[in-house]
Structures are given as structure tokens and as C-alpha cells.
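Everything on this sheet refers to the single structure shown next.
Going in written order, the chains are labelled A, B, C, D and E, and every chain counts its residues from 1.
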Amino acid sequence: MQRIGVFVCWCGSNIAGTVDVVKVAEALKSEPGVVHSANYQYMCSQAGQQLIKDAIKEHNLTGIVVCSCSPRMHEATFRKTAAAAGLNPYMVEIANIREQCSWIHKDMQEGTEKAIVLGRTAIAKVNLNAPLKPGESPVTKRALVIGGGIAGIQTALDIADAGFEVDIVEKKPTIGGKMAQLDKTFPTLDCAACILTPKMVDVAQHEKIRIFSYSEVEEVKGFVGNFDVKIRKKARYVKEDVCTGCGLCTEKCPMKKVPNDFNLGMDNKRAIYIPFAQAVPKIATIDADYCNMLKNGKCGVCAKVCTAKAIDYTQKDEFVEEKYGAIVAATGFNPISMDKFDEFAYSQSKDVITSLEFERLMNAAGPTAGKLLRPSDGVHPHKIVFVQCVGSRCASCAEKGKEYCSKICCMYTAKHAMLTRDKYPDTDVTVFYIDVRTPGKQFDEFYRRAAEEYGVHYIKGMVGKVSPEGNKLIVQGSDLIANKQLKIEADLVVLAAAIEPDKSARPLATMLTASMDTNDFFTEAHPKLRPVESPTAGIFLSGACQGPKDIPETVSQAGAAAAKVIGLLAKDKLTGNPCVAQSDELMCNGCSSCEKVCPYGAITYADKEFRGPNRTTLIRRVAQVNEAICQGCGCCTVACPSGAMDLKGFANKQIMAEVDAICK
Amino acid sequence: MKVSYFPGCTLKTKAKVLDEYARKCAEVLGVTLEEIDNWQCCGGVFTTANDEIATKLSSVRALKHANDKGQPLVSVCSACHNVLKQTNNAMQTDDGFNFRVNQYIAPDKYNGETEVIHYLELLRDKIGYEKVKEKVVNSLAGKKIAPYYGCLLLRPGKVMAMDDVENPTIMEDLIRAIGGEPVSYAFRNECCGGYITLESKELAKAKSKRVSDNAKLNGAEVIVTACPLCKYNLEKNGSDLPVVYITELLAEAFGIKE
Amino acid sequence: MQKITREVLIAKAEELLSNGTVSKVLGLKKGEFSYDQTPAVFTDIESMKKDFVFDDFSGANFSKYLIKETKKGEGKTLVFLKPCDTYSFNQLLTEHRFDREKVYVVGIACDGMVDIKKIKNAFGDGIVSVDATTDTLKVETLYDGVKEIAKAEVLAERCRNCKSKKHVAYDELIGEDGEVISSNRFDQVDELEKMTADERFAFWQNELSRCIRCNACRDVCPACTCEKCVFDNPNSGVQNKAAANSFEEQMFHIIRAFHVAGRCTDCGECSRVCPQQIPLHLLNRKFIKDINGFYGDYQAGEEVGNRAPLVNYTKEDLEPSEAVNKGDK
Amino acid sequence: MQVNEYKPKIVAFCCNWCSYAGADLAGSNRLAYPAEVKVIRVPCSCRVNPMFILRAFQRGADGVILCGCHPGDCHYTSGNYYTRRRMALLFSMLDYLGIEKERTRVEWVSAAEGAKFAATMNDFVKTVTALGENKRLEDLRCKK
Amino acid sequence: MENSKNVCDEIVRISKVNPRKCMKCGKCSGTCPAYDEMEYHPHQFVYMVETGDIEPLLKSKSIYRCLSCFACIDRCPRGVEPAKLVEAVRLMVVRQQGNNHLKPDDIPELLDEDLPQQAIVSAFRKYTK
């Protein structure tokens, strides 16, 4: 018989507001096995935990039930508490009376009754719990970083500096990501390339870092500490180890009309190209969609001019298989498509552009060599209108755009406005805003400087319609302070498009079995306390793939993710989840049903001797579970007809006891 | 193919050509527009208040009539189409409205089963612009035509669901199919002033003029519309450009315009 | 087709025993009545000549007995398998239940077995003996003397809807092999499906309430080969020896059918042995029909090593809600 | 409000990774659903043995719902695919035995679908309430 | 004051518009083609219904200036649907006895020979009960 202690948490008023915690503690006192019952304001606090520890010792408890928030929140906390008091941590069960009770019910009586049932259910389970001991597995001391933007670069550098090997997989021909496309960075206005490119070089030169550029993750198997990853190195038709990056081919290639995606299609590149001067690795890549030689076998100019003989038109995609102990997702973001927002005439006029396009227009290495010229006619614009929140902060019922605030737009718009006014005082700049959000160090000061020192007109209101009329853009919007509808003749309109996670993130998440939110941002293990970890063990999050972020935030999160990876790789062995399948060999008949459904191949068979009738010996084939591989899904337990296979911690009897307790 | 057809009041009077050519062009394409028996006026505008029942019953009757025949319900007039489609949507999505309407029309029953489409959708989705193209005998080669959608054809976008609300192409593609050159301009989905013309000629004029000026500025030779009120407003309010109905243009291309 | 008689089988057994191919024969011997036969192991030809029986009552599926028999001693066991038995044989091999090398299978053609319950239904309980060696059965009754009845009229239910005359496993065949045949075995399931839920409930309530939990169905079933049945396992949470009320009958039969789903070869032994004449095969056939309908035709035991539908999946499988609503409309 | 309003007993099996998290999210967003729903946490929907479902009915549950990750999103890659087959066959069998098919349900609820979780539970409780008490699979001894 | 609240509740009920969803961006007013003719603009309708400041709206001619072009409905990022609110406020007025904004007697002088029936029908539906 267990000696169970019940601990009912108030969670301030979060639980106590709709659940009579005293009554719950009182009611659960008389449940079978319960020898102690208490309630407290905050069980997860140190004092609360101490209360539990003291009770374990005082009442000689063999099991505890904590009626509190979701086990996803504090199960681990209370297990540690139990362990500290000498109780096996798996003798702890949580009754979720917050998320699944007090927060969803308004009626005190209803909430209290349900909380009692939930507590009773947990008690019924604990009565059947047995102490569990986790197994161990080794750790491969190498990390994989997926995405080579500033997030991936920083994470890789930090991990490598700690002495561990890191591979970066980047789908584009060069690392650098979005930051490489930016001109200046807020709020200090230092140039993005000046601070980013040295880091890119550091990556290239670091002996612990390998870059798989123009590559994608194809398949991920395994689990924390032991991932098996297959990487597809896409054919770039240039031998990476031979190309010197001299760039001669990119000048001689006769195919000149290839939209330059680095400049967002605002100018052209050749069919063989190096994205930009400081690319890492600095190797040419052939765009197979445009290359005449690859399309119809006619040309071959690049091969002729290449003195290093690096061109290889027969190159095929290659696959690399590698083992990793940890994986970091750093897949970044993109501005959303403006297709559904054509009231701003993005598809109708070349002079309506997104902020990222404006970034390239301002950049010295951009399509206009840094001169601010209208894309339609190359004329210098005298009146620019910036529109903020295009596609951000849209209610889901509006069925377009994103519900969240994209976070970076207010600041980069202030930056654009300021830089424009600074470089071209003859250009008038107006910004339509809903709110200006500048929570960050030196951020509000920066925005105010744009308005006060540089004379940027900030108008509270939103643009309703942009109409191209001749070579002007008529911007119709409201000025809520003046209570007027404005019609501004502008030369250039810049839209602060919402940002969204890169499209590659969703399939990657599936491969990693990492969870995502409805916006396709990776979910963190805990929104506050574990912000750089995925709930899936061994998967870490860096940068905007987890949520919109500016550069300083991205870099700090990248470092945090690296710290977590280092913490993992520094271990020689990992203790696993002890809630794994277990085969009762006396009952197993060796039918192989369990083996067939196991997604991890954790079940094998062995011939074992058993005592038969009349002192005979029988040899039977029985299932055995490799506890290091088993992840504890329990699929085998249902495939097993005899019930020989059971799951520790979620045993048939335990679940049945829960069912019974609920239905009582 | 046979479809149910709701012409609407104006097509029987001031906009006879819109009606006449709609039928004739459909015939050319092998579609018969079967006019609904004893149809009643749709009311011209959809009242969005959900406690307005009686004003929407005439539309429900037309919708039910088409449903009884198992046909889609087609109209040409943008206003009629808008009212019919919004009423049908309310029947599908607003349980309270549906309940009360069914009380009125009992023992009949209707739950929004009818497919409500505009004449343009009939051409695009049921017939196909490829087939329209085949029937062209008199190509409008190179004629610069500004499609004018106005409001009612497209909005509310979630209900009308005909095309992208801000960047529609259904008329542009039709114009291309019959040989014309569509003129893109921002005001093609801005209001002409609508019924306000009764109340404030000035406002109607201001609205319409911006539309026609914008079309002209972008090189249009003619404006084409599906709505009699749009046509009226544009013509009355100083458009230098001729304004024609979409069915007139189609008839011209098919060589059946008198 | 060569008529399979007791004598033919004894001759084959004699040959195989004497040349050392097998060391024992798994067969049937007479019970209290001629139609009441029980399994027996014969290690010499004399005892076989004395006790071995084979006629149209010899319908038992021997596959399951092989599990225990092959574990005893060295040497091979000779077993005569009808076509339907060979499916169970393969299914058991798929589940590694015995060593193929320790069995010698002689496939025997079968034109259907008769059901004593049907004879009893025709002539009453007082049946002394039945000569079931020809197509017309001679039935000796206690009160009415010898009666005759056509074999076709008293053919076992499962044989009426025989699914295959083809042996899917054998070492040698007596006579020629047949073909897989199309049957109407799902007709009764169809009929039940067409009823209303209330009618179905009443039907099954009537049938299952007769269950006395004698476990004959479980004991005979070649798919029920667990070392310990889940209903006998104190750790399973559903342990019970005898049904205490209608729920447990339902629970037992649902779970039993579920456990054999995808593995049941539709051999019909469960219904054959049920003393209460509950049409248990209709539960199994429902699963087989659903599996065929939802995931494509599948015959358990058709080939050794096939992956049963319940330990398999495709990404496009239908949803449970679609499964239950398939009957609607 | 009626005093003796019928309140069904509903057992909801939720997988730890998606649906249980979805239920938590419903809670965090204060999306109400009836208190009759009690959740049992299982590692994966494929842990749910048909025996658990029958046991619940035996002990007087009026409805049993099983929630898992969306097909393709299983934390264990394939668990819910097996669940889908098992439950399709089991539910079809229960229907065949004349048990009301509305008493059982499988729903895929992701960790982000708090609203769906609440809506699903509201709908399921509504459906089961309309059906009334479970009489066809109950064990009378288990009722007080 | 109490009456204002009732009227607002009724407006919310029949329009099914939830003014609290508004984030005060002003896009409806930025888009409205009748803006310059209005004393109160679409975003003000939403705000005034939300705050219960309904009397000025009931008295204002602005309620007859909405063209029902639904542009504000489609462009609102929050799905507020201001046009439905304007319609509901107008109904509150014209449903009162003797409050028809357009009378049959007014019609003849408004007519011209090209005016489509549609315009008259629509105006009647909008301005009268």
C-alpha cells in the first residue's frame, strides 16, 4: 500500500479563484492510500517545494500527487523536489487543475468538483506507480545548425569556440542570410556588411566548422544525442574544392537576363553567379533554370574561361550522412507576399516596393549602387510615403496577413526615413503608422530623432488605397489626429511588409518532430523559461524561426541556443526517459506484432528457455526492448494481443485506474 | 447547358441591352438563360442587418426557384448578383436568419444550396474563356478597354468570392479572350457613387470622375461595366470615354451586335 | 477429384512413418459418438489403424495443435490439412509460432464438412451414429431408425461459403489442388449492416447473451495462441474468468475479435465449436470486410511473412469518422 | 437552470505532445468547455488500447474521445497512423454491434489548436448529451 | 444615458459587429470614398458605438452618406466591418415612425430619363422603412 501525499496549489488566484482548494485538499484526504493532504499558495515556489519535501520525510510518503498547473509546466520541477527528499521522481503525478480546470470553468462548485475528480484520478494512478530508473545513451559530440543567416552563424561560432564540431547547412549558395541584404542597422546605423562579413569569414576559417552551402536537410532520424541526418548537397555544377571564386565566369556568361534574387529581382545577374562580393564560400553556382548549356547543351563559355577547370556540367546532387548530438533550427524569415494587399498597388506599380527592396535600393552594392532612384524610371523621388503594418496585426477573421506584430518594422522604417532625410534633404518623407513600437535600448530615442531632427512626418492613421496616376502615386489615407482623409502625391511608396517564417521551416519541423504554432514559428519548450529549446529534446531554436526578432535579439538568442547545445554536448551520457516499453517474457509469444509497429526499431527477439511442465525445458521466442532506443510511445502495447508488452509509467492498469476514477 | 437567370428590374427597362446581349451571347456559347418565373425585385442593395428578413425574401424565392430546378442562378446586374449572393450566404451561415426565413416560406424549405454566380463567372468557370475565344468572329483587336468592377461585383470579398478583391482579373481575362487590350488602373474597384446620385449629385460626380479620369490617364478608349448604375454615374458625370456593358462588348466580338 | 478417405490417409501415414519422414501423426480419434471426434497423436501405425477416424465430421483445424506438438521431442509431425487450414498454418508461421521444419504437411482436398448441429436440428437429439462417408448421409436415430439426408443440406456454414479450395502450404498433396473461389461470405454481414442500430443491437444482444464463457471459441481459434490470454492476465486490468453480465460478454467478444483482426483467416472454427451456436464468425468477418473495404483486400495467411493490416498503415488511410459513416447515405 | 440537468461523463484521451498541449492552450486562452470532460494524458494516441475505451463505457462513461497529433505530425512519427486504423475498425465494429457511433470520436488537435480543442469538446459534449445515458455498453454493477 | 446603451446594444446585435475588435488604425476612414461628405467617419462610428456616444450619430446626416461600397469591410485588418455598423445606426433612425429620409413625393424632381430603376430602389431600401 502506498503512502500518498496530496498537495493542492492555489497558484495565487489562478486556481483558487474558481476552485475551492481547501475543499479539494479535504476531499482527497479520504482517497485510498492518502495519508497527508495540504494546500499552499504557490507549490512551485521554494517554500512550496520545501513543504512537499518536509511532508515526504515527516509522513514517510511513497508517492505524491500535486494538484496544480499542467504537467507540461511543472512536472519536472516536482519530480526534482521529490528526488531531493529521497523519493523516486516517478512516484509523482500531477493533477492539472489549472489549464484543464480553473482556467476554463467559471463556476466555483463545478471547478471544485472537477478538481476533486482530477485529483482522485491522479491518486488512483500513483497507487499503481512503481519507482523507475532512467536508462542512459551516449552523445555524439557534433552539432548541426540549419540555416546560415546571422542566427546560424552566431550559434555555430559559439559552439565551435567551445571546442565542439559544428556543421552549417545553408540552402543558398552563400551564408549571410537576410542580414547580408541589409544596408545599415538600427539604432546605431553601422553598416550591416561591415559587422556581418567578418563573422562570415570567421565561420569559413574556423577549424571546427564545416559549411554545407547550397544544401538542404533531407532526412532526420534518431533522438537527442544520436541524430542521423542526411544532407542533400545540390548540384551547383561547379567543383567546390577547385573554384577559386575569381568571378571571371560570372562576367563572361552570355545569359544576362537572370533575375537577381539577392537584389529581390530589381536587377539581373548571369546564369553563373556569385551572389555578392563577400559571399562565403566564394564559389560560383550555375542557375540550372537559365543556363543554356544545361538546358540545351549549347554554350559552355564558363567552362572555357575557367582557368581552374572548376565547371562540371554533369554534377549531380550528392548526399552526405552524418551523426549529430544536437540540432539547431535557424531557418529565418521572409517578408510576406503582397498579393493579397493590392489596395497598395504593389502589383500595379514598380514604384510601390517593400522595405527589404528599399534596403537594396539604399545599399551601395545594390541595383542602383546606393543611389535612391525610382525603380520605374530611375528618377530621384522627392516624396516618399512609408506604410507600416502591411499584413501585420491582422485578425484571423480578415483572412489575410498575420495576427502578430512583426516587431522590426517600426524601427527599420524609422531608419529608412532618417537615412533618406539625411542623404536627400530635398526628399519629403511621410510615415503612416498605427502605433510606433520601440521597446529596445536606444530605440525610442532613435525614432524621436527621425521625427524631431530629421523632420520625418509621422501620421497616425492607415493608408486605404494607393492609385498610380501617371508617374505619381496617389496615397489616400486617414490622419486620425487631424480627423482628415489625406490624398498625398508620392513618387515612391514603401510597404513595411509583415515577416513570416521561411517556407522550409514546416517540412523541417516535421522531420525534426518539433512542434510549430499556427504561424509556422517553432514552438519553444517553455515560452519564458526555455525559450531557445524545442519541446523535442535535442532540437534548439535560433533567430526568427522562433518569432520575429531584430538583429541584437537574434544574436543573443543564437548565443543562448549555443549555450544550451554546449551544455548538451558536454555530457558524455544522457539519461533517458524511463517511461519505456517493457515485455513480460513469461507472457510474450513472440508474434512480432510489436516489432512491426515500433517506429524506432527498439524491439528485438531472443530465444529463451522456460520451464515447461514435468521439469521439461521449453525454448520460446520472446520480445526484448532496447531501453535506450525506445521513446515510450506505447504503440507496441496495443499491438500486443496478450498484454505482454506494457509501458512503464503509463501501464495498462494505471490507465484503467484513471478511467475508473473518472467514471466513478 | 441551362441555367436559371435573374435579370432584375433595370434590365427590363433602362438596361435592356445588357439583358438582350447576355441572352444572345449565352446562346452563342450553347447556354440557355432560363428566366425565373415571376421574379421580384431584389431590392437593389443588401441590408446587412441580420434582423432584416422581409426585405430579403424575394431573393430567397429566386434562389429556391433555381434550387428546385437544380440549376445555378446567374445574374448580370452587379447589384442583383450582390444581393442574391449575400442573401444566399446569410442562409448558409446565419442560423437565426435561416430559421426565420424558413418560417416565412414554410412549407417550402431552403438552406442556401443554390450556386449563385455572376454572368462573368458563368463565362469563366462554366463555359471557359477558351470556348469564348473560339466564338469570336470580330476580334476587338488591340482596343484599349478599361474594365470597371465597381464595388458590388467583388465585395465583400469573403462572400462574393469571385476574384481577388484588390487585384481582380476576371474582366481583364475576358477582354483578352475577345481580342481587346485590358487597361489596368487603380480605380477599377472604387465606388462610382452608387445610389447617392439621388441625394448628392456632387458626390457621385466626384467619385465617377476620378474613375473615368484614372482610366483615361492609363490609356483607355472605352470603359466596360456590368452595372447599369455604374454606367449611368460614369456617363452622367463627365466621362469623356464611352461606357458600355460587358455583354455589349461580347456581342460585338461575337458579331451579333445590331 | 480423389475422394479422401480414412484408408487413403492411413496409407499415407504408414508410408511416411515407415520411411522415417515423420515420427508422429496428428489426427482425430472417435469420441463418444462417431460425429464427436477428438484430436490425438499417433506414433505407430497400429494404433492409428485402430483409432484414427476421418470422415465428413473431421473438420477440425489442426494448425494450432502444431504449436505444442512441434515442441515435443525430435522428429517431424505429420498433419493433414484442408485448404482452409493451410491459411491458419501460414499465419502461425508468420507469427513465428512453430518451426516449419518440424512439420510435414499433406494437403488434402476438401468438398466441405458437415455440421452435426444441423443434423440434430433435422432429426432431433437422439442421434446414435452417422455414416458420413458418402454424399448421402445415413443417420441412425434413437427413435426413428435410419434416416437419410443429403450432405449438401447439412454442410457446415463455413463450408457453404468456402473461400478457397487451394492449399497455400504443403509438402505434398493428395489429389489435385483447387482454386481460390469467390464466395458470398460477407452477405450476412451486409444484411446486418443494413439494419438499424437498434435492430443490430437487439440481434447481438440476443446472440451474445447466450454466451456462457466456456472459452471454446478461444481455445480452438488458431489466432488465439497467446501464452496467456489477456482475459486471464491479472495485470491487464480486464481479467475475468466468466462473464458476469452482458457487458463482459460484449467486451470479451469485441476484444477477442479485435485481437485477431487482420490475423483471422476466417476458418470458422469459433462458430463450429460454440455450444451455444453464436455466429461468432460474423464478428470476425465484419473486421475482414472492413479491412478489405478500408485498406484493400487482405487474406490472412495467404503468404508467410505478410504484414497484417493492423500493424501497417498508409498516410492516406480513412479517418475513423469516415469509417463509421460509410454506411450512411 | 434546471437542477437535475443530465451531465454526461466524458473521457478524453489526449496525447502528450499535441492534444494535451492543445488542451492546455485552450486553458491558457480561457476557452471554456464543459467540466464533464476529463482528460487522461497518454504519451501518444497509439497508447490507447480499445480495452480502455470499453472499460470507460463499462464504468459508465457516456462518451469517449481520443485526441492525437494530426496525421503526419506525430511526435513518434507514426503512432497516430496506427491509431487511425485501430479506431476506424473498432468504431465500425461498435456501430455493427448497434452501439451509438456518436459516443466515440477521434479528433486530431495540434498543440496550437486550443480553440479547436475547446470547440471539439463543446461539440462532443453536446452530441453525447443529446444521446443521453450510455445504456448499451454499461456494466450495471459499476453504476451506483 | 441608459437609452444610449440600449441603442448601442441593439446596433451591435443587429449588425453583428463587435466594435471592440477595432485597433484604431483608421484604415476604414483612409479608404472611404464618402469621407469628405461625412461629419462622422467610419472609424468614429465604430468608436462612438463602442463608447456609447450614439446620439450625435443618430442625428448626423453621415448615416445617409455611406455608399455601401463595402471597401472598409474588405480592407479592415481586424475584420470589424464598419459599413454594417453604419447601416445599423441608419436603421435605428429610419425605423422610427415618420423618419423616412426619402419620400415618394421627392422622387419626381430627382428623376432624369436615364436614371436606372436600380438607383431609386436602392435609395428607398437605404433611406426608408
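Methods note: a residue touches a chain if its C-beta (ideal position, glycine included) is under 8 Å from a C-beta of that chain, and two chains touch if they have at least 3 such contacts.
As the structure is a computational prediction, the values presented were derived from the model and not from experiment.
J.: Hey, what chains does chain A share as contacts with chain B?
T.: Both chain A and chain B are touched by E, going by the contact rule given at the top.
J.: Would you pick out the chains that touch chain A and also touch chain D?
T.: Intersection of chain A and chain D contact lists gives C.
J.: What chain groups remain joined by touching if chain A is not counted?
T.: In the absence of chain A, as far as touching goes, the chains form B, E | C, D.
J.: What is the chain whose Cα centroid lies farthest from the Cα centroid of chain A?
T.: Centre of mass proxy via C-alpha means gives C as farthest from chain A.
J.: Tally the contacting C-beta pairs at the B-E interface and at the A-E interface, and name the larger one.
T.: B-E is joined by more C-beta pairs in contact.
J.: Where the centre means the average of the CA atoms, what chain is farthest from chain E?
T.: C
J.: Measuring centre to centre with CA averages, how many angstrom lie between chain A and chain E?
T.: Roughly 46 Å separates the two chain centres.
J.: Nearest whole angstrom, what separates the Cα centre of chain A from the Cα centre of chain C?
T.: It comes to 56 Å between the two C-alpha centres.
J.: Go ahead and note the Å separation of the Cα centroids belonging to chain D and chain E.
T.: Centre separation, chain D to chain E: 47 Å.
J.: Approximately how many whole Å separate the CA-defined centres of chain C and chain D?
T.: Going by mean C-alpha positions, chain C sits 36 Å from chain D.
J.: In chain C, which residues are in touch with two or more of the other chains?
T.: In chain C, the residues touching two or more other chains are 230, 236-238, 310-312.
J.: Could you list which residues of chain D touch at least two other chains?
T.: Counting only residues that touch two or more other chains, chain D contributes 50-51, 55, 72, 78, 82, 86.
J.: Counting only residues that touch at least 2 other chains, which ones in chain E make the list?
T.: 71
J.: Pairs of chains that touch, anyone?
T.: Every pair of chains in contact is listed here: A-B, A-C, A-D, A-E, B-E, C-D.
J.: Per the contact definition, I'd like the list of chain E residues that touch chain A in the complex.
T.: Against chain A, the touching part of chain E is residues 21, 23-32, 35-36, 41, 43, 71, 75-79.
J.: Quick check on the complex: what are the chain A residues that touch chain C?
T.: Spelled out, the residues of chain A in touch with chain C are 584, 586-593, 596-597, 605, 612, 618-621, 639, 641-644, 646, 651-653, 655-657.
J.: For chain A, which residues are in contact with chain E within the complex?
T.: 343, 389, 393-399, 401, 432, 434, 460-465, 476-480, 483, 485
J.: Along chain A, where are the residues that touch chain D in the complex?
T.: By the definition above, chain A touches chain D via 70-73, 96, 98-101, 103-106, 110-111, 113-114, 117-118, 121, 510, 513, 515-518, 523, 535-536, 579, 597, 599-600, 631-635, 637-639, 647, 650, 652, 655-656, 658-660, 662-664.
J.: Which chain E residues qualify as touching chain B in the complex?
T.: These residues of chain E touch chain B: 13-16, 33-34, 37, 64-65, 67-71, 73-74, 81, 83-84, 87-88, 91, 102, 110, 112, 114-127.
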